[in-house]
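The two complexes that follow have subunit A in common; it is paired with subunit B in the first and with subunit C in the second.
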Partner chain A sequence: MKKKALLVSPAMFILIAFAVVPLFIMLYFSFISDGGVPGFTLENYARFFSKPLYLALTWKTIKMSALVTLISILVGYPMAYIIAKIIKSGREILLLLIIIPFWSSQLVRAYSWMNLLRDGGILQDFLAKLHLFKGGELGILFTQTAVIIGLVHIFCPYMIITSYMTLEKIDDSVLEASKSLGANPITTFLRVILPMSKAGIVTGAILIFVPCLGSFVEPRILGGVNGSVIGTVIQDQFFEIYGWNFGAAIAFILLAMVLVSMGVMSAVNRRGEENG
Partner chain B sequence: MKRKILNCAAVGLLLVSLLFGTAACGSSGQQPSAGGNGSTQGSADKPTLVVVNWKDYGSDNPEAVQKFESENNCKIVHEYMASEEELLTKLRTGGVGKLDVVLPNPQILPTAIKEGLLEELDTSKLSNYPNVYDKFKKLPESSMGGKTYAVPWVWGSTGIAYNTKLIKEDINSVNVLWDQKYKGFIGFRDDFNDAVMTAAIALGQDPNNPSDLNAIKNKLKEQKPLNKTYWKTGDEWSKFFANEQITVGLMWSGQSASMKKAGQPIKYVVPKEGAIGWVDYWAVVKNAPHKDLAVKFVDYMISEGFQKDWVSKGGPAPVNKVVADSLSEDFKKDAGITEDILNRLYFISYHDEEVKKAWNELWQEVKAE
Partner chain C sequence: MAKKIIGWFYSIIILIFFYAPVAVLMAMSFNKSRYGALPFEFSTEWYRVLFSNQKLIQAALDSLAIAAVTAVLCVVLGTAMMLGQREFNSRVKAFFNSLVVFPLVIPWIILGLSLLLLLRALGLDRNYAMLLIGHVVVSFPYAVMVIGARLEDMNSEIQEASYNLGANEWTTFKRITLPMLSPAMLAGGFLAFMISFDNFVLSYFLIPTGKTTLPIEIYSSIKFGFTPEINAISSIILAATLLMITVIAVLMRSSLMRMFK
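Entry: the complex of A and B
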């Protein structure tokens, strides 16, 4: 037991020094007045709930993040299944290709999407060559669609990797057993594969949904005049008017929402495990 | 059981770090670094003047630094700031008595003067001060109680720029930003100051003390659907303009001039209703270690030699009238720095935290709708 504690301590130290302590500093800031009035105050939190603007943007951000998560599942899970169960060789190369985009900055990728999606851009040219596009404007850039595309591109690999990890662990003999017991492929998928790989989907969904809530780069660059999300409001607080205290309060409200939704998700997950 | 708790804690921490990892983008850090290195190094007995400015913003040009160093037998060291707030923090936390010359803008000047962070200036010791446009000397932020604390250095404006290849009419009004004709091709700026002040100009309100914020909000909401997008960085504007995605919009005088120089069909105008103006100031820090040298440096910064050199290299508009007069009319028109324009500008003045907060929230509401 002692040995274990010793082994864990460097990681714990890093977490405490660089995540927990800063978090509490932020928490402290969120209870201080922006106007420089000394003492404890709830005004930052009150401000968030007193204006419809902030709640509306939060709701918009939650919907956006849920959509990104859903699309990532629909795209990422089949991809992971193909890599884990169908192809026999070249898995490493495929996984590497999925990871490679992580090596370039999020900002660069957002700007690249801008060039791809803009009117008269690469996508429009491509579609025109295929005779799928007939004049006018493409009209994708500076819409919510462009933001979703950008975010799915950033976050989908998380879903592929977490799903792959659970799918790969499923023993092929289990699938054969299912088949020999008379299950058709759909039944095998729904009653064997899906329950056994659910943990991967849930982990991936969490890894996507949470950072999506705080995203601001893609909405700002790709979203045009309607690109505002709660992340851009927080960013403006910190970098435009030095409203650190209000910015910290918004971040904590968001965090509280995340923790609650996580609690719900893990409860659902546990019940699923018990039933299965 | 214990393990489960530990696992939960680890997952929780991971989530927290993810959330904040994406919410907090790194602002570019900056470190103090020597400007104009080389020839003057290794002479410890020379006085070292510490200057705080933006990186690559005129005063740290190696040639300019070297000239001052050799003329005054000293060494200049630059420290860089990432924001005006940071400069204020620097002055408050140990900068007084250590730094010599700094570049505060009107947003922090009144605070810095009030808190006694800056040295009063005897303008009679500045040989080039008489050549500075009176308009700048009269702006309220550089002085307090009849005493001068800061010297204007360079200026510019945020007006309207448009594509002369695609727009044939002569634009001279800010109302072009509300013109249905250009729907889908307008680029407004994503900045609460620019937004509020521009709408105030269009509505005929005082841009620095708008009387009716509600009218401004509605005016901005009315403008919103006409845009291609809100641009944030100068680089974004350049790209959209070059791709002809944006053909008209809010733009800076300096960038328009350099884009025109690069061959873009761009024209910059200060609308007849006026435009937003800005000025940068030099100030000497309270108890500066080398006060006389600091004053000499400020004098050098507004001298004909320095100002002429910088503007010819693409710098912002000079405050020195002699230099301005020596520039060709065409150049001044392109760059939006004629005296006629100067008189039509509303220079951004000091706004306290409450005003900034209100303006920012107004802008967030417009954007969120």
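Entry: the complex of A and C
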């Protein structure tokens, strides 16, 4: 009895003291004024919700994260299906090739797009050689498009892996059964494959949507002045403006957005399980 | 057959999307032109510049040290936790599990700044102790996943047999459990090492004033404009990652594949 508690407690202490408790400290500071007004105040939250700029950036962040998630589903799910159901030999190699970029530095990967997307960079040269691009500048780097490309590149492997894990479990005989009962491929996909692999898509969507909400490095690097999102606003409060308490309030709003989106998505998942 | 061809075709396009930027980066690190202009002219100039950049070298060494300490802490804490938690009932286990994945679902910017605010509440300056704790918190889930997967596969009968043959707990741990667990501990350690080595966000918030780590150096170089030695160091990082992933894949081949099932 004592031994097992002794083994578990150091890890539990670190996680509770340094991952959970600090969130409450952040909440506390979010109710303190940066301007020196004593006592508890809602000033920070009032400031956030009364400025159209912050609300616009919140909306932009949500839209960006949703778009990255959607593109990742559209690109990643077919890839997962191909690995799970079509290419059976060479599957391990493909999985490995998809996991490798997933483990390499996010910062370096965001940066690697700068080389490609720059005006006068490799992509522009390449497109010009193919006569797909005429004169002028490419104009992708330092736009929202560049940020989205970079984020999809970083997060899409999550979708491939989680979708693969559910698709792989679907027995081929189930698909045969659907076919022999007269369902065409589209019906089989919509009525059998999709419902059975929904959990993987939802898990992947959470793993992509949530970190996108909190991203600030990729928007900064690839979006430049057009890359402002909630994450960069928080970063500025802590490193440029020194409005730490206001920063804490924005971070808490971000945390609330994260929790709500996770709640919604796991509810979607559970409803799927009941129906299926 | 047609399906297979389409399948491979699609896979290749996806892999080009994943690898092209990285491949271009690596190629450009050997290109003579400062701005990566074509035509390509081979040169190791930027590696020479890199190795004479003392600040960058020091940052890399600091990052390696931080990652090494983080990895060891994660493996020790994670192994202890996974061994201890086996004997708790399933509700307590579920609670432990949700605590472990917690840092995975909270954006790192929130974890980083909340630890900074914790320092402020305690009246302390940014320091390496808190930076290490931050790194352990975010790297821990990865180490635990791998170690936990291996423990689950392990047959508890072998340990019982060891007890029945008169071995005490310590002997059983040293002679049976540890050797069986060690490949997973090594692989989990490598994963934690990589998460920590690459981690920009936590370091950015918690690094002591005047100090730096490799990701922080890379980030500020990128922000200040294009420096070709960043291509060189990034290529070294990518090559090292590739090597490590291969080692992990070899160590954990069976368990990793089972994790995807």
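Convention: the second predicted complex is superposed on the first by the 244 of 276 C-alpha atoms of A that agree within 3 Å, B and C clash if a C-alpha of one lies under 4 Å from a C-alpha of the other, contacts with A are read in each partner's own complex, and residues count from 1 in each chain.
Here is the rule we use: a contact is a pair of C-beta atoms (placed from the backbone, for glycine too) under 8 Å apart; a residue touches a chain by one contact, two chains touch by 3 or more.
Quick caveat, the model's predicted, so the values are computed rather than measured.
Participant: Quick check on the superposition: with subunit A as the shared anchor, is it clash or fit for subunit B versus subunit C?
Facilitator: clash
Participant: I'd like to know which partner A:Phe142 touches here: subunit B for first, subunit C for second, both or neither.
Facilitator: In the superposition, A:Phe142 contacts subunit B only.
Participant: Now for A:Met79: first (subunit B), second (subunit C), both, or neither, which partner does it touch?
Facilitator: It touches subunit C, and subunit B stays clear.
Participant: In the superposed arrangement, which partner chain does A:Leu7 touch: subunit B (first), subunit C (second), both, or neither?
Facilitator: second
Participant: Could you look at A:Gly243 and tell me whether it touches subunit B, subunit C, both or neither (first, second, both, neither)?
Facilitator: first
Participant: Tell me the contact category for A:Ser104 with respect to subunit B and subunit C: first, second, both or neither.
Facilitator: So A:Ser104 only meets subunit C here.
Participant: So in the superposed three-chain picture, is A:Val233 touching just subunit B, just subunit C, both, or none of them (first/second/both/neither)?
Facilitator: After superposing on A, A:Val233 lies in contact with subunit B but is clear of subunit C.
Participant: Given the superposition on chain A, which partner contacts more residues in subunit A: subunit B or subunit C?
Facilitator: Counted on subunit A, the partner with more touching residues turns out to be C.
Participant: Quick check on the superposed pair: does A:Ala251 touch subunit B, subunit C, both, or neither? Answer first, second, both or neither.
Facilitator: Once the two structures are laid over each other on A, A:Ala251 reaches both partners.
Participant: Considering only the touch criterion stated at the top, classify A:Val210 as touching first (subunit B), second (subunit C), both, or neither.
Facilitator: both
Participant: Figure out whether A:Leu57 sits in contact with subunit B (first) or subunit C (second), or with both, or with neither.
Facilitator: First partner only.
Participant: Of the candidate stretches 132-140, 150-158, 186-194 or 204-212, which in subunit C collides with subunit B after aligning the structures?
Facilitator: Only 204-212 shows clashing C-alpha atoms.
Participant: Mind sorting out which residues of subunit A both subunit B and subunit C touch, each in its own complex?
Facilitator: In the superposed arrangement, which is not itself an observed complex, subunit A uses residues 15, 18-20, 22-23, 26, 114, 118, 120, 206, 210-211, 213-217, 220-221, 231, 234-235, 238, 251, 254-255, 258, 262 for both subunit B and subunit C.
Participant: Quick check on the complex: what are the subunit A residues that touch subunit B?
Facilitator: Residues in contact with subunit B: 15, 18-20, 22-23, 26, 34-36, 51, 53, 56-57, 114, 118-120, 142, 206-207, 210-211, 213-217, 220-221, 224-228, 231-243, 251, 254-255, 258-259, 262.
Participant: Could you please specify the touching residues of subunit A with respect to subunit C in the complex?
Facilitator: Contacts found on subunit A: 3-8, 10-12, 14-16, 18-23, 25-26, 28-29, 75, 78-79, 82-83, 86-87, 92, 94-101, 103-109, 111-116, 118, 120-122, 125, 153, 156-157, 161, 164-165, 168-169, 206, 210-211, 213-217, 220-221, 231, 234-235, 238, 244, 247-248, 251, 254-255, 258, 262.
Participant: If you look only at subunit C, which of its residues touch subunit A in the complex?
Facilitator: Contacts found on subunit C: 3-4, 7-8, 10-11, 14-15, 17-22, 24-25, 28, 35-38, 77-78, 80-81, 83-88, 96, 99-100, 102-103, 105-111, 113-118, 120-121, 133-134, 136-137, 140, 191, 194, 198, 200-201, 205, 215, 218-219, 222-223, 226, 230-231, 234, 237-238, 241-242, 244-245, 249, 257, 260-261.
Participant: Taking the touch rule as given, give the residues of subunit B at its contact with subunit A in the complex, in rising order.
Facilitator: Touch list, subunit B to subunit A: 10, 12-13, 15-25, 27, 85, 190-192, 224-225, 227-230, 232, 236, 239, 243-245, 353-354, 356-357, 360-361, 364-365, 367-368.
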